[in-house]
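Next come two complexes built around chain A: one with chain B, the other with chain C.
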Partner chain A sequence: MNVLFFGITRDIVGTSELLISDLVNKPTVNDLKEYLKTRYSEFSKLTSFAVAVNNEYAKDNVPLERNDEIAIIPPVSGG
Partner chain B sequence: MKKLNIQIVDTIDTSNIYAKLSHAHSGGICVFIGTVREFTNNEEVIALEFETYKAMALKEMQKIADEAVKKWNLNSVVMEHAVGAKKVEEPVVIVGASAAHRPECFEACRYLIDTLKERVPIWKKEMFKNKEVWVSAHP
Partner chain C sequence: MSENRYSRQIQLKSFGKLAQDKLANAKVLVIGAGGLGVPVLTYLNAMGVGEIGIVDNDTVSITNLHRQVLYDESDVGTLKVTVAARKLNEQNSATQIKTFATFLNVENALKIIRNYDCVVDASDNFPTRYLVNDACVILNKPFVYGALHDFEGQVSVFNADGSPTYRCLFPTMPKEDEVPNCNDNGVLGILPGIIGNLQALETVKLITGIGDLLSGTLLIFDALAQRTQKIKFPVVEENLLIKELQTSYSFSCETILESIEAIGLQDLLADKNIQLIDVRTNNEYEDEHLIGAVNIPLDEIDDRLKELDIASPVYFICQSGIRSKKALLEVKKQFPEAICINVNGGMNKLNSFANYA
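Our next item is the complex of A and B:
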């Protein structure tokens, strides 16, 4: 799956877009979060981070489909 | 007809806000403008740098505007946020609401900015002389 990164998470992974092929067997939002925390220890130090699926905040149990637009949303700080 | 103005922009233009919010059915307009402050915890800020996930940000801003219109029966709403580097005193966000009476305008305006700050995927980095910090990223 293709994953977009913003803000501090882009700095952590070093790119704004990453192809992740390690997640198999119908992964969920939670699986992706755990994968990122394992692969990049800096993710565990963040206040929090959310996952957006097709431009909507997604709960942990939401399944990720191949054609979804998936994005990592670190703590927002607009305004 | 309701007037909604929702945008991500390079530069906030504060001069035309009245035209965007004025409405025949309104008796009041309330506007909030967020700006770059020179000091954070006594440290001098050189600039703020904003980035966004634009497609999602616009969608969230639209939802917030729709919620406010429904809750306070607003006639017009403006929600604009800037991206890129902004220097001290520059505007970075402008929100506004117009309604029949002023209590609705004040409440809605506060809701627009407070909820934008909670939900809309926009991020700011504080640029100090010797370091850069993503705001709210760490506890």
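Our next item is the complex of A and C:
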């Protein structure tokens, strides 16, 4: 699945877009979060970030499909 | 002032005199007169919003000018609300401009916001953003949100007639060291111009009822790719039930922090040999630093604690005062008894005094 990164998560991952194909079987949003925390330790420090699946806000239990477009959206503060 | 100055927007069929009258009767509070606030203020004022309140307690600095295009070189050192009020009045003398030379805080938030129909959050920090959210929920005021990071911006309209709030999207405030701000991270001059203008547009739509609001929708703008993304998100009912403000919205460390204003540091430096640690990167230090400042970049501080003389006071400085605060907290973790002092405003503040005092 294609994952887009915004804000500080783009800096953490080092790219704005990542194709992820090695998640667990029948993954959920929570599995993706755990995957990111394992790969990129800085993710564990984030208090809250939103996950959108196909442009809709998704809770942890939402299942992910292979063709989903996912966005990782942290809060940003600059002005 | 004759009404025909607005004729070009009144002649738009779905806008018309009705919408123009709604603007004229509207009272909008803009929190922050910086990168986002400037375009918001400029367009709301030009388009005929009847009353505009401005909350800000910063002065114009030379490093603001590349993005805060309402201000000139001659305004450096003057309160932003003072300059903004004067220029907006020259632009449109019919607008009632009210200035609040203060930062929004727990004591004044409800009092100030209460008198307005809607709020524009053009602030630049999380504590203010969460305070604006909670105050607007309590007072049942819609607010137009805009925020930046690097080459990205976010825009949304929160709390409009029971629609989702900021906390529905991001329930809890990030910790201080999670997300950098514009002063530390940098910002391309035009980006707040774009995002602020989108906020002004949403504010006009909110007041007049034209079009579809970005309510329950987060717009993300990626300047480098010229791509916008719209994310729908639902209301979380409990976030609408806030009845009172928190006692504090500061980052938890702020209460225990000892600090000194940048201007005070100058006197100290002149008087005696103080231990001053510059925690910016080597490159930033090489570009410019204070005489006597020792460079220990923030990410090396943990490994180089031995270089500090903990028996005497240690002053920490960086570009804007944020990284130095983090360094200070790191040192305090290891040496709770050490006397550590943060230089508020950092090199930015010192430079504005040095050049424009």
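Note that the second predicted complex is superposed on the first by the 74 of 79 C-alpha atoms of A that agree within 3 Å, B and C clash if a C-alpha of one lies under 4 Å from a C-alpha of the other, contacts with A are read in each partner's own complex, and residues count from 1 in each chain.
In this text, contacts are C-beta pairs under 8 Å (C-beta built on N, C-alpha and C of every residue); 3 or more make two chains touch, one makes a residue touch a chain.
All figures in this text were calculated on a predicted structure; none of them were measured in a lab.
Novice: For A:27, select first, second, both or neither according to whether it touches chain B, chain C, the two together, or no partner.
Specialist: Neither partner.
Novice: Once the two complexes are aligned on chain A, which partner has more residues of chain A within touching range, chain B or chain C?
Specialist: C
Novice: Looking at A:75, would you say it contacts chain B, chain C, both, or neither? Reply first, second, both or neither.
Specialist: both
Novice: Shared contact residues on chain A for chain B and chain C?
Specialist: 4, 6-8, 11, 45-47, 52, 55-57, 71, 73-79
Novice: Mind pulling up the chain C residues that touch chain A in the complex?
Specialist: 32, 34-37, 122-126, 129, 146-150, 152-154, 169-175, 177-182, 185, 187, 192, 218, 220, 222, 225, 229-234
Novice: So in the complex, which bits of chain A are touching chain C?
Specialist: Listed in rising order, the residues are 4, 6-8, 10-11, 16, 45-50, 52, 55-57, 71, 73-79.
Novice: Provide the residue numbers of chain B that touch chain A in the complex, in ascending order.
Specialist: 34, 50-53, 55-57, 59, 81, 92-93, 113, 116-125, 134-139
Novice: Tell me, which parts of chain A touch chain B in their complex?
Specialist: Residues in contact with chain B: 4, 6-8, 11, 45-47, 52, 55-57, 71, 73-79.
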